[in-house]
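Below are two complexes that have chain A in common, paired first with chain B and then with chain C.
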Partner chain A sequence: MSVSVIVPTLLRPLTDGQKQVQAQGGTVRHIIEHLDSRYPGIKARLVKDDQVHRFVNIYVNDDDIRFADGLATPIRPGDQLTVLPAVAGG
Partner chain B sequence: MVLRITAQALEQVRHLAQAAHPIEACGLIAAASGEPLAHRVVPMRNQAASPTWFSFDPREQLQVWRELDQREEDCRVIYHSHTASEAWPSREDIALASDPQVHYLIVSTWGEVRHAARSFRIIDGRVFEEPLCVQP
Partner chain C sequence: MSRMLDDASLGWRSGPSLPGWQGLSRALQHHGQCLGLRALDGLAEGAALQLAHPDLHPVHMRFVAPPGLPLESTSEFIQQAACGLMSVHGRASGRPQALGVDYLAALNAALAWQASLAAAVGQLRGGQFTQVSLDPLRGGLLSIGQYLAGATAPEDAERLLPGQDDALARPPFVSLEGTAFELETLDSQPWRHFWHALGLPDSLAGKAWQHFLLRYAKAVAPMPAECLDALARLPLAQIRQQARASGVALVVLRSPAQRQADADYPASLHTPWRLTPGPQAPLRPAPRPAALPLQGLRVLESCRRIQGPLAGHLLALLGAEVIRLEPPGGDPLRHMPPCADGCSVRFDALNHLKTVREVDIKSAAGRAEIHALCADADVFLHNWAPGKAAELGLDAADLQLARPGLVHAYAGGWGDAPVSAPGTDFTVQAWSGVAERIARASGTRGGTLFTALDVLGGVISAQGICAALLDRSLHGRGNQVHSSLLGAADLLLATPCNSTPPSLLQGVFETGDGLLALDCQTRQQWQALGQLLGGTCTPAELPRRLASADARHWQTRCQQAGIAASQVHQDLACLANDPRLADCFGQRAYRSVQSPWSFT
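Take a look at the complex of A and B:
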């Protein structure tokens, strides 16, 4: 199943400048692995120690996956993944 | 490198910082897509509600980023305030700054501050201060 992934400006150098790409998988983890096979290096920007990297927020539709099942959050046909930079500081 | 910002936007950020004091204020300033001039201030809730820490609420952020897309705008500036120190990036600001293309504007509401508003690029953990070019 193919879903669309919205890529933030910061990561577009890895997706040939594309803002929206397609990827396949039944969970967020599988989607990211599929993306990484097409756009090598993207996984390292999104995942660290098998958790969502603290530099990014990943959403399935309107929901931040940190408040769902993280990388195991299931993906259904028609879902949209959005990646945004996390913004915080001191 | 220079931050081009409207006088009104800069004044608005200073005002928001004063109003939030002693909690840190945070938000972004949008520019028309591809244009340098930062002009539309979008205040964000500081989820940390802390005098020493700020974080955007991820859910609010998603709505705001979608709105930027619809308006054909870019997030040109991320601003926040320091409430008891100079307007210089803290260790956490540097560690968490992820986008080398964003201007990081810091305003200070500290009573002893020397320069109340300063702008930076933060690239691979290195801080580059840049001048503010304030436009009408």
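Take a look at the complex of A and C:
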């Protein structure tokens, strides 16, 4: 199943400058692995020790995967995955 | 109680007050006392303050203003309107409105003092620097610099307008008893656990987190009604218990009077800085500073977020070479959208004048590198968690072994207050009474989501560093200087707020096109407004009377009549195009703010 992924500025050097790319997979983990096969290095920027990096947020549609099943969060046809770097605190 | 600047030869005198902005003079006076300077007799001529010492040519500090916003008819209220602060505060308070505290007075007094102290340092290092000027409007623009950057980014610019969100559906939260309190955590999992334990679905907690996380950056934080309702059904004790179990900090909003009863308050009020002299260290020969007073001085900055980086930015604007120490891979804030040229614009706004060195402070090699860098540095500035500097062997005593004349500065959260919650803008606003004071003035339940204390705390930190550099220049010794968000909050509430006497008419009014802030402080201005509008009018009648022309027209007409007035730009992107402010911005991919000072 193919879904669209919104790529933040941080990762665009890895996606040839593309702001939106397509990827396949049934979970967020599979999507990231598929992305990494097409754009090597992307997984290391998003995931560390099988967890999403602390300062990276991943949303399936509007839902933060940290409040779902993390990398195991399922993906349905038509979903959109957004990567958003953000740091808490002022 | 020890004096901040322990030198009986240092004295100062103030100049005449600005007629409509007495709070600025009061703040200058209070800062002078806090710095421990001897007040000299008489008024300074032609300057807002004059700093004197036998080894110095007197330093004269003047306020200047763009032609479109004359100082003689300005006020705290009008400055908050003109620089966009009202609009940032209004994003989460229902409408564009003033903070209700003399914020820009405190901020600009600190900027005035730090430039004067820096000028004295520059003189003692062989430079001229007898005249300093400060544009308070630019000071105000600096305070909203990160929001202005976000609103003027070339791509994905944020358009966040006053009143777009419900002013009651945002933090602070309210318990069954009606007690307002802040929650704070910098991690998502305690937040998720907390709401889960209260019976809310994780997806809802996630939506709340998304806004909660970004409230520092956007000055808005709309919370789902279900979250607010869940807390409103529970007594505070039960919420507190659950917060503790989840690892979420809870800080109840207190009144200024409650803060004043704290054991640590008198010392904090007396001086927001704690200066501790270090080892004697003869000054090293250095090139004479030419254009800016801190030229030739090197600052190492190991800070995240706003408070510390803003302090470093101000030192860079004063001419210092600032080297940012960032973790391997760089500061994660660099990637926070919106971005320009691959870098977060709000990060760039505070850091574009600095060079970067990536150092792993957790490794022995990284710490050795910092010791080596300190050998050639003048200031080391950090905002690590309490106790971490000592734990890492990077405290003042450690680093002054490498450089005895080092100024070791800490921009912290709580100072000496016995609070275990994270010392962030909103928890400190709650604890200090600032939130309650702003809530009362703004008709909200809590303080401002504009990061008022991070910004003021950063300015205060830079002010303390300039004072420490002057102490070093006068006495040939290193020192350490601590400042905190709580110290900044106490400073903000130290002087009586609002104009004296109260304004006869003050508010933000609709015109034919756009909003106009008016502040009639005298009967003369009140009468002039009546003449301008064809008869004395009440605030309720003003929009009808102002409907015949746009806000810019009325601003000009009011100023011609000697009435304090300013357009209020609700969208910060429009602020950036205001001709009055044309000279205030730098040439970057977004609207950056120029230095508020000039030196001759």
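To be clear about the criterion, the second predicted complex is superposed on the first by the 88 of 90 C-alpha atoms of A that agree within 3 Å, B and C clash if a C-alpha of one lies under 4 Å from a C-alpha of the other, contacts with A are read in each partner's own complex, and residues count from 1 in each chain.
Simple rule for what comes next: contacts are C-beta pairs under 8 Å (C-beta built on N, C-alpha and C of every residue); 3 or more make two chains touch, one makes a residue touch a chain.
Quick caveat: nothing in here was measured; it's all calculated off a predicted structure.
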Checklist entry - Counting only touches as set out at the top, which of chain B and chain C does A:44 meet: first, second, both, neither? => result neither
Next on the checklist: Once chain A of both complexes is superposed, is A:1 in touch with chain B (first), chain C (second), both, or neither?
Outcome noted: neither
Next on the checklist: Quick check for you: in the superposed arrangement, does A:68 touch first (chain B), second (chain C), both or neither?
Outcome noted: second
Checklist entry - Of the partners chain B and chain C, which touch A:9 in the superposed model: first, second, both, neither? => result both
Next on the checklist: Per the contact definition in the header, classify A:87: touching chain B only (first), chain C only (second), both, or neither.
Outcome noted: both
Checklist entry - After superposition on the shared chain, which partner residues are touched by A:55: those of chain B (first), chain C (second), both, or neither? => result both
Item to check | Interface residues of chain A shared between complexes with chain B and chain C | outcome: 9-10, 54-55, 57, 59, 62, 64, 66, 84-90
Checklist entry - Taking the complex as given, what residues does chain C use to touch chain A? => result 185-189, 192, 202-203, 205-207, 209-210, 213-214, 216-217, 304-307, 332-337, 339, 342, 422, 424-426, 451, 454
Checklist entry - In the complex of these two chains, what residues of chain B are touching chain A? => result 26, 28, 44, 48, 52-56, 58-59, 61-62, 65, 74, 78, 80, 89-93, 96-99, 101
Next on the checklist: Show me the residue ranges of chain A that touch chain C in the complex, using the header's touch definition.
Outcome noted: 8-10, 13, 54-55, 57, 59, 62-64, 66-68, 84-90
Next on the checklist: For the complex, give me every residue of chain A touching chain B.
Outcome noted: 9-10, 54-57, 59, 62, 64, 66, 82, 84-90
